[in-house]
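Here come two complexes built around chain A, the first alongside chain B, the second alongside chain C.
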Partner chain A sequence: MTLTATSAPAVRASTPHRKPGARLMPRLLSRTAVNGVLALAMLYTVMPLLWLLMAATKNMRDLFGTNGFTFGRTFDLGPNLAHLFAADDGIYLRWLGNTALYAVGGAFIATTLCVAAGYAFDKLSFPLKEKIFGLILLGVLVPASAMALPIYLLASKAGIVNTFWGVFLPSLVFPFGVYLARVFSAAYVPAEVIEATRVDGAGDLRTFVSIGLPMLRTAFVTIFLFQFTGIWNSFFLPLVMLTDQHLYPLNLGLYTWQTTSLNQGHPEDYLLAITGSLVAVVPLVIAFVVLQRYWKAGMTTGAVK
Partner chain B sequence: MATRPLRRQGRTAALLIGPFLLLFLTFSIAPLVYAAWLSLFTERSSGLGFGGVETFFTGLGNYGRALGDAAFRDSFLVIAAYVLLYIPVMIGGALVLALLLDSAMARAKRFFQLGLFLPHAVPGLIAAIIWVYLYTPGLSPVIDLLESAGVKWSFLSAGHALFSVVNISTWEWIGYNMVILYAALQAIPRDVLEAGTVDGASGLRIALRIKMPLIRPAIALNVLFTVIGALQLFTEPKVIYRASTEIGSSWSPSMYAMRAAFDNHDYGLAASASILLALLGAVLSFIVTRFSARRTQP
Partner chain C sequence: MKPGRLRISALLASAVVSLPALAACGGTDSGAAGAKPGPDVITFRSFVKASDVVTAAFNKTHKDFQVKWENVPSGGDYYTKLASSVKAGNVPDVAIVEYNQLPDVVSQGELEDLTETAGPVVAKDFPPQVQQLVNLGGKTWGIPRDVAPLVFFYRKDFFDKHKLEPAKTWDDYTNLLEEVKKADPKARGGIFATADPGVVAALSWQGGGRWYGTEGQSWKVTIDDEPSKKVAAYWNDLVLKSLVGTYNSTSDDAFFQAVQKGEVVSYLCANWCAGGLQSTVPDQKGKWAIAPMPSLDGRPASAMLGGSAFTVPKGAKHPEQALEFIKWITTDPEGMKAWLSSGTSSMMPAAPALLPATGAFKTDFFAGQDIFSVVSKAYESVPAGWTWGPSAGVTGTTISDSLGKVASGEAKLADVLTSAQQATVADFKSRGLSVAQ
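So, the complex of A and B:
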């Protein structure tokens, strides 16, 4: 086994000469083993999603009576979807709308604030700059779920518990995004360009809007995706903050259905939780595949956090 | 001449940073300060029970109560056990997959990457719901599959809960960690590996002796991030909680804090538990930033 470990052609060319065929068998074997292990791992990651897809196409009887990884005796995705959107006067659509508002609206505003602040920290000089930035970094250090109860306690003092704002406003704060935006601004917006516009007499704010912001497009998408998934995934904060079902995000609604399906003799809620999960996951998976490039950009920058 | 643009810059900076800073102070700093303040007080019902509750200053009394409570200490032991099982399985698995993907033997690399990374697109709560159903006897094809292989395993019975939670987390995070480690492997200068191949080292040896030491910083960083994440463990056990007999209402520290606030209406205790958790998380994160700062300086 001399030839492994890299796909660079240069290495291939520089390996010592070998008798052809002498090591063909072990090579074939290890190639099968390597790809076999990868395929098995992928089976593990994909199977639960396949189960979700199959389960959403079954009626109650087939859900419990047929193999989970195959279709049932009848194809009931349509009735399941109809049931999902009709249940509790169409509350699922309401949750979907809430989630879109919390996640899309929240992430958009949060990202705008982050990019503006990160740009200012990178390109402008002002008093106490590094002290303020240090305070924001302190915010990065505290884990998000440790914030949920303190936010709830303050919100109950302020009287915004069980309101839209109680969940929406805290999600506008994304300290890590400011850090990311500063890093991106240093990398993507050349100081000379800013200097040139300054010489031309353009105001700093106009320079940011017309020069800086377009150059920070990648940063914007990356930070948006980060915060969007953060809000979409958040469970602890809405769980403690909300009691009115009409304000729930999807996560909390699905959690309720899952709980009732297991506990309170509402077996039909199984199908609600399953179909509801599928409908929630499909757009995320599509967005995720389409926007791969940005995810990876954010992850590698995030790893340096 | 030089001061005017500077003052203008200051004004623009205030305009650009102000909105974020205002929200940051209101929803990040203020809640922590308020929780720290609340953690210094405790409530006691006064007199014969008709006088309502009175609030007493107890200093660090709530912290003493939290740390003295076996349930709170146990929740940290659970996290410790979770980390001990989870890190080798998840990071170890991610490392193996990254090394396999980086070897010349692997085919369809983009396809495998995408497939392994896919669970990360699924919200943690939905991942937990899917798996709880896959843990439910009668509903789960996984249990049937295991049974046909002669294995009888109950995911939800006593003694198995930790494994069941670790499995959900592994499913969610193994691909994510693999992609980061794979990126680190790809960044290894090719001539370093070339030297190894010229020396006649096998693929396995190169992986263990050359590649792994070179990406050790990336591995360590992933481990630290995973520990910080483990400290926050909440969603998965909360979802399993109703189905499993083993997971109690204070299984993880976050669950303990929530129970204190909502079941026992003990805000002082809940606040002190939250502050302790926030502090521990902040200290660990601080170690990570020190660590990565040293790493980026050659």
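So, the complex of A and C:
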């Protein structure tokens, strides 16, 4: 808050036409503007997180009785966490496990498929290649939530509604990842290398596994992170697909708590939803911290070339 | 690089390997029950609190069939899910539906007609003002569980200190609001909820308005009828004079903060607010009380803000058992006791004979006042004749979209009703429903 308040007048004060330090002013001006925008962006992302962090340390009384961005009168993170993990016979841990399985398992298999397909589209030639690729691009254009109902009806015919597979199988499909993998493959896997392996007598599969895949490690991590967060955040598909709360992913479980919390006068669940949301953020942060060095390393590879 | 990659892929691999195992154990609950030649298992979809308690209580005392509860999110998503379940033929045997959504759900053909089986129960055990909420087009579609009559919540300590009394008529209420403001310039004796169109509907209902009805084979929509406009003008005036505070709703953070700070010392809400209030502002224990809400002429009158019924979705596989279960949880004293066993729920049973079950509610927050005698009198005083219509959702959004402008003085509440009227009629027509002019 204070940051925006001070940076805004600074921008306004320096706008009128003034001559002294003509060379210094524009630089200062642009720096202020850039920092101002960055500060706003930071506030936009950090404030809700700060609120979440603070709210999770409060009891019911302080949650509604104290400023949202400060600590409450007592520090209740411990009891809140205990309540969270004990609620409904520890259903929260089950949801956490489900989400990990849907997101990690789903993203891993989806990424493997994407990288293999992208590599094939780039390096191999087969009939109707560009037509099939066009079909995949079509898949990129349709938003996932628009597909949820048709997928549900198909799943219903297949008899996998309200099962693990109903949510897991659709998450293996990631057309944008195929497109990305093709681009990565074109940039990272030189055609000469592939030719060399062919000369040495390696088959297409062997070439992909031993040569292509290691060179596409960056693509793998990038696509994995995309699909991982995609599945982690996917909401509408599990919503229509699942009715057994033991199969719920985290966000659907938290949403159930949140929507029922104020229903019929039971705001206790509100605190559960808050603490649960905070804990749910942790694995995502860990995933990014652990995997980002692969990502960063990949982005600069070939920069000198 | 290499060890790191190995570690990650090992982790991923183990996750994938353990996957079918976990998937299998997720399926056992439902799978085993269907495979074993034991009692039938029916499914029960509900988002209201204590659904788990009720299910467990039923399963303990009934051996001929068992019930499996499906915990699902509430709100608009619930009805989207119900619609897609019906479309795909994966329906639960029992599903909760709120009164204001019931006509919509019925008009989409999502429910079984229960006239033959539940009709007599509804006619025998429930008063006319709630019968009309589940009997639509001459058919019965569900059995009511709870009702939600409006009552007046007030801070007894504040009222006693300033020698104030709960108002009998709306004119008295205006005076009361002025007195409250005089006694403490920061305090307000009422609120205007800018995100809850249900309150506008309930106040119109109490004031004699009827938003939906039928005329022969056509629907009749009269959201901007004279009584509703009168109610709208009254509240519009209170808002412009700043005699009431404006908040999103009675379950909003800002609202509870204001209650905590003593900036809201009284307000109108349904009985279910009691439970929410006592668990959110425990500091004010013993300071609150409940009275009947004001009315036009001082005679008791109330209206409902919420409430729900249980229905059997179209294509349910165990309709007979479903009905037996529904009857148990709505009209059996044991079933009702299970709903209220936590002692923190201030739900009001729709069947008046089950009123004793509310004795479980601990009333120390209200200094021991018998709040349910006030609530049940309010229930009795709800005027009959109100029904909801299939487009209640459209009506609601049109109204709530403009309530903020009413609060800031940019729009008039009566005009908002008129635009809701137009939007609702347009929606009826687009669904191919005939509307009488």
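Rule of thumb we're sticking to: the second predicted complex is superposed on the first by the 243 of 305 C-alpha atoms of A that agree within 3 Å, B and C clash if a C-alpha of one lies under 4 Å from a C-alpha of the other, contacts with A are read in each partner's own complex, and residues count from 1 in each chain.
Assume a residue touches a chain if its C-beta (ideal position, glycine included) is under 8 Å from a C-beta of that chain, and two chains touch if they have at least 3 such contacts.
Since this is a predicted model, take the numbers as computed values, not measurements.
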* To do: Based on the superposed arrangement, let me know which partner A:153 touches: chain B (first), chain C (second), both, or neither?
  => both
* Does chain B (first) or chain C (second) touch A:232, or do both, or does neither? -> first
* In the overlay, answer first, second, both or neither for which of chain B and chain C A:64 touches. => both
* Please indicate which partner A:243 is in contact with in the superposed arrangement: first for chain B, second for chain C, both, or neither. => second
* To do: Counting touched residues of chain A, say whether chain B or chain C comes out ahead.
  => B
* To do: Pick one for A:255: touches chain B only (first), chain C only (second), both, or neither.
  => both
* Return first, second, both or neither, reflecting whether A:164 touches chain B, chain C, both chains, or no partner chain. => second
* Asked: Which chain A residues come up in both lists, the one for chain B and the one for chain C?
  -> 63-64, 68, 149, 152-153, 239-240, 255, 259, 262-263
* To do: Flag every residue of chain A that touches chain B in the complex, lowest number first.
  => 1-8, 10-11, 14-16, 27, 30-31, 33-35, 37-39, 41-42, 44-46, 48-49, 51-52, 55, 63-64, 67-69, 113-114, 116-117, 119-121, 124-127, 129, 132, 135-154, 157, 169-170, 172-173, 175, 178, 198, 203-205, 208, 229, 232-233, 235-236, 239-240, 251, 254-255, 258-259, 262-263, 270, 273-274, 277, 280-281, 284-285, 287-289, 292, 296, 299-300, 303-305
* **Residues of chain C touching chain A in the complex** => 4-5, 8, 11-12, 15-16, 18-19, 22-23, 26-27, 29-30, 43, 45, 47-49, 52, 70-75, 77, 80-81, 84-85, 87-90, 92, 251, 253, 256-257, 259-261, 272-277, 279-283, 344-347
* Structure fact -> Residue set of chain B touching chain A in the complex reads 5-6, 8-10, 12-17, 19-21, 23-24, 26-32, 34-35, 38, 93, 96-97, 100-108, 112, 114-116, 118-127, 129-134, 136, 138-142, 144, 171, 174-176, 179-180, 183, 190, 193-194, 196-198, 200, 202-204, 206-207, 211, 218, 221, 228, 231-232, 234-235, 238-239, 242-243, 254, 257-258, 261-262, 267, 270-271, 274-275, 277-278, 281-282, 285-286, 288-289, 292, 296
* To do: Can you check the complex and tell me which residues of chain A touch chain C?
  => 60-61, 63-65, 68, 88, 97, 100-101, 104-105, 108-109, 149, 152-153, 156, 161-165, 168, 217, 239-240, 243-247, 252, 255-256, 259-260, 262-268, 290-291, 294
